[in-house]
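Have a look at the structure below before the remarks.
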Amino acid sequence: MRYPLIPVILVLLAVSVGFAYIHWSKSGPGTGLYSQHWEPDPVQGYWDPANFYQSPDSIQGVFKGEQCVQCHEGITPGVVSDWRASRHAQTEQTVYCSACHGEDHQKLYLPTPDVCGSCHEKQHGEFQDEARYGFPSHVLAMERAVNAPHFVDKPKAEVQSCIQCHSVATKCDSCHSRHLFSAAEARRPEACITCHSGPPHPDDATYFASAHGQLYLTEGKEWDWSKPLTKGNYKAPTCAYCHMDSGRHQVANKSMWKFGLREINPHTSKNKVLRNEWIKLCSDCHKEDQARRWLTEMDQERKQAWDKLYAAEDILKDLRSDDLLTPAIDERPPYPLEQHAFWDRERIGFFEGQASAFYNVSAIERDYFEMWYFDNLSSYKAAAHGDMKRVKVGHKKLATSLDRIKTKASKLRTLSEADQNKKNAPTPSELWMKGAYTDYNREHN
Amino acid sequence: MRYPLIPVILVLLAVSVGFAYIHWSKSGPGTGLYSQHWEPDPVQGYWDPANFYQSPDSIQGVFKGEQCVQCHEGITPGVVSDWRASRHAQTEQTVYCSACHGEDHQKLYLPTPDVCGSCHEKQHGEFQDEARYGFPSHVLAMERAVNAPHFVDKPKAEVQSCIQCHSVATKCDSCHSRHLFSAAEARRPEACITCHSGPPHPDDATYFASAHGQLYLTEGKEWDWSKPLTKGNYKAPTCAYCHMDSGRHQVANKSMWKFGLREINPHTSKNKVLRNEWIKLCSDCHKEDQARRWLTEMDQERKQAWDKLYAAEDILKDLRSDDLLTPAIDERPPYPLEQHAFWDRERIGFFEGQASAFYNVSAIERDYFEMWYFDNLSSYKAAAHGDMKRVKVGHKKLATSLDRIKTKASKLRTLSEADQNKKNAPTPSELWMKGAYTDYNREHN
Amino acid sequence: MRYPLIPVILVLLAVSVGFAYIHWSKSGPGTGLYSQHWEPDPVQGYWDPANFYQSPDSIQGVFKGEQCVQCHEGITPGVVSDWRASRHAQTEQTVYCSACHGEDHQKLYLPTPDVCGSCHEKQHGEFQDEARYGFPSHVLAMERAVNAPHFVDKPKAEVQSCIQCHSVATKCDSCHSRHLFSAAEARRPEACITCHSGPPHPDDATYFASAHGQLYLTEGKEWDWSKPLTKGNYKAPTCAYCHMDSGRHQVANKSMWKFGLREINPHTSKNKVLRNEWIKLCSDCHKEDQARRWLTEMDQERKQAWDKLYAAEDILKDLRSDDLLTPAIDERPPYPLEQHAFWDRERIGFFEGQASAFYNVSAIERDYFEMWYFDNLSSYKAAAHGDMKRVKVGHKKLATSLDRIKTKASKLRTLSEADQNKKNAPTPSELWMKGAYTDYNREHN
């Protein structure tokens, strides 16, 4: 080879340009991959305090903790009364407001996880550790949200409603509500379900409908929530008992099913290890073989769900191969951030993941998306949490969705054939050109 | 002018006839504008006791309070036990049954708000005062219901189900359940949500899904509900804390958004005053600027919702101008009370307000109605109460509804053009006259 | 008659063959009429312990109760702590683990109702007694499930989700959760609604939305649940208070409406007696005539619902007579267990009851099924439990469903006529044979 360094130089150049581009992307007033393209709303100061919180400058002065309390006793008595009831106010070395918010009233800050972690090292470390298990994740929730192209493209009010929950990554009071920061509170399901509810993850509904949830609802108020989440302390488990057993501040190390978002093989050696951890946990109350059977039931549910999902996916892939999806590619709305892309992205949606699935897709792709994201995930959660009625309803819905996709696909094919025949047919009369026939085809093809 | 008194006399005559007609309308056995046309069901004696309650005549005699208690201890021990636990039984001057129900057992009555108000003047006065803020309103709820034309026209069982909640206007135990009449009970959200739930006003779901609601659900049972609804007394607010702050017995004086039923301009000077009252209230717990930001978020949500609603409305107005709504006007079912009207009412529904919207409308008008009444109102409530997931889901639904309306409108236009072309076309063959073509058009135009 | 014994012999033969067939049907490894055709999943050992429980054989030995406790204190401390809190551990003659599970660790069993009934005779007797009132029933729930043909035919995961609730027949801890077996717990609605929820029987939602339910939610936690379910003990009733009054362990003897599944005549002399029992019960708190009025309201609601249901049914019957249901009979999927049937079953679904309704039916039959099973039953439950909003929403849905059925039926008829005309028309051109016209008809007829 004559110029052996040329490919090396080209690669080095390309890599440098790539890094420069990412660096430029992130150099906007916001954070993340698209920060050039958006500005934070003021309310985000609360959800992502490290990046966006702005201290009020109305009060001047540097104050000691006792002074904070003195003034705020009158201004915000609720806050002070919660703090007084908290362990922060009851340890020997009182943790005053200033410990978490600073002393200079014009440079106040909201505590980030790092601030809390400076004392609560173990919990903070566990929480950060979740990152290595990938998504879905608490600690990556905010990052993942602002790095999604639709974060910039969607209407602000909608995006805001997303990141209120995703802010679990950037502050601790999503679970330990301020200023009591009670562990007992966070042990209860309500701490989780403020976020873990709604169509794609009805964790609340499925848990509360289960025998576990009903026991909590009946008697939970009388349980002693100051006890740690370990064997023998609670008549029924809550979210945290199973997912954060022994109070571990990350939920990912035992996770096999990845929220039901993709099929997993329960029989890999890694998953066998994880399954045994689940069974060990269930054995706090149940017989081991009984627990194992339940999980086998859940395997069956998952198998059935994926059979239906793959059947639907195959239909859509065939339609795509035969160019029968409508709207056609060039009739679709632009992809999020298209105007900032180096080249046009392919506008066929449903394989490009969740971001595109909400956008430029045809009716039949949306059916598939909803089948996957709503019917499937709700069946999965129901099976996992023991809500048998939602397993049944979910599978009824999966079957109905698959039927709908089959019907629509067959219609698209029929009308496409009709259209083909029409093209090969003798020139139709004036009547045909303007009448219902043409319009019908125009509309349905 | 030759006969200058003629127009004056005509006007006087018309006004007299008008009054006479309204007087006649109201002269039926029921109450309200259409009382000629309906008869109360016996159960309404309980919901509108002033007008319809009938004392049982089985027991004869005039009894003192102590005697009521003596007998009812055995007959209805629950009632007596509730009363004993109430303040009525524990003040120095015991308020016996007879104080509210009368002493003559054949002329018993159920206490109306006036009866309660004879002691609880302040609360009664505040409640009555709500009337001057217009609808939606508690104190006007019953009147508004029986004055709606569909009150007469709808099936009885459906109307009954409406006025059970609307009876909040005509009795006090909608919120203070008898015979404890506890203030502590009425301070809790359950007192409100017996009525404030369901599709057009999911106040319960949106509140409980919020961080406020989850705090209530987790710890509310342990709060001291005997405390007044003022700063520092509760870790999280409930319905009454915000809407009836300081225990004021009307919710309208701070109301800006009118339930989300119509667009409001948040920047009028009046609304700036109201907004500041809200912010002052939020400041019981939150920083003022934070509260202001939240309300700005809500403005944005409202703006987005109304953009979509107006887009839909414009489409419908155009269809109406072009006479493309189907069923056509003369194919629609009669308007409620048509047979009693002086002249035929226009049967185009959706602009005539809520009453007609449930009735004689086309599929596309109903889509608009449901978009406005369900998707819009639920997004509004979600934004107001801090239920971010329902904001997101609501706007997804608003977008889907708008899509559906666009598609249907375009279909109506396409088929109308096709129909027009057909009319101008050469006479079709026998085949066309009887075949699918004709039927297809007949069905779709 | 020459051979008078021939018919007698034939009948005897037929009866014998019938019995033999049923006997053979039941001779499989499972139970019930189709036991030849299915095998239990291991998890069923827990739901139907009498038939399927298999003792673990890991531990050898025969143990006294005290020994059970000693070991299980460490292995399953939650179970032991519940048991210690139970009356079983607190009576003079302690009821140890072994009393219900046996002593030989390799031959342990799960207690069936008979085991519990050996001490709790009254309750067991009452529970068994429910059988004579027919279905719906608790005590017949399991039998009914496994005797339904779709039990065998449906995917296992779906069937499993059914029998978890139906197992109420075969074990007592559906209501009295182990190992506390608390009567207080079972008196509360949560004990019932683990099963009594979901689309066809939203008992939970309708109760909680009622004034009764809201009272329970507000104050129920403070009530003294150790008190029996009798007059004067509770401010508001729960499921058990009304349906199992005085703690009677069967709910059927007062049942008139049979779950809303079929129309009943409220005026039969038997139903008058039953109604009076309801009114007597309501009179624990309410005035008798008021209670009677409520039930009259409910009669009206039922009447209205059945008017709509019959209108829909008539439309479907006419379509069936005219052979207009599509898919046509021979296009339908096979009936459950068809391959085991002596002769082909008729594949027209909706009159053959619930089993077939989920299967081989046309879109319009499914609409009817959902109208009957979901809209109707939810309206009924709402009327019965006092959830007025769901009465209203339910009847709105019933009306919408009826509209949809009318529209579909009229479309089927129109297109059938079009098809008829086409058949009688002159031979169409090549264009017609292959074009949209033909496809349109093929698709819509």
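List of remarks:
So that you can tell them apart, the chains are marked A, B and C in the order they are listed, and the count of residues begins at 1 in each.
The working rule: a residue touches a chain if its C-beta (ideal position, glycine included) is under 8 Å from a C-beta of that chain, and two chains touch if they have at least 3 such contacts.
As the structure is a computational prediction, the values presented were derived from the model and not from experiment.
For the touching copies subunit A and subunit B, the fraction of interface residue numbers used by both falls below half; the interface is of the different-residue type.
Simply put, subunit A must spin 120° to overlay its Cα atoms on subunit C, rounded in steps of 5.
Computed from the mean C-alpha positions, the centre of subunit A lies at a distance of 36 Å from the centre of subunit B. In subunit B, the residues that reach two or more other chains under the touch definition are 221, 437, 440. If you check the complex, the residues on subunit B that touch subunit C are 41-43, 45-46, 56, 76-82, 155-158, 160-162, 164-165, 177, 180, 185, 188, 190-191, 193-194, 197-199, 221, 358, 430-431, 434-440, 442-443. Across the complex, subunit B meets subunit A through its residues 209-211, 214-215, 217-219, 221, 231-235, 283-285, 287, 289-290, 293-294, 296-297, 300-301, 304, 383, 388-393, 395, 411, 414-415, 417-419, 421-422, 425-426, 428, 437, 440-441.
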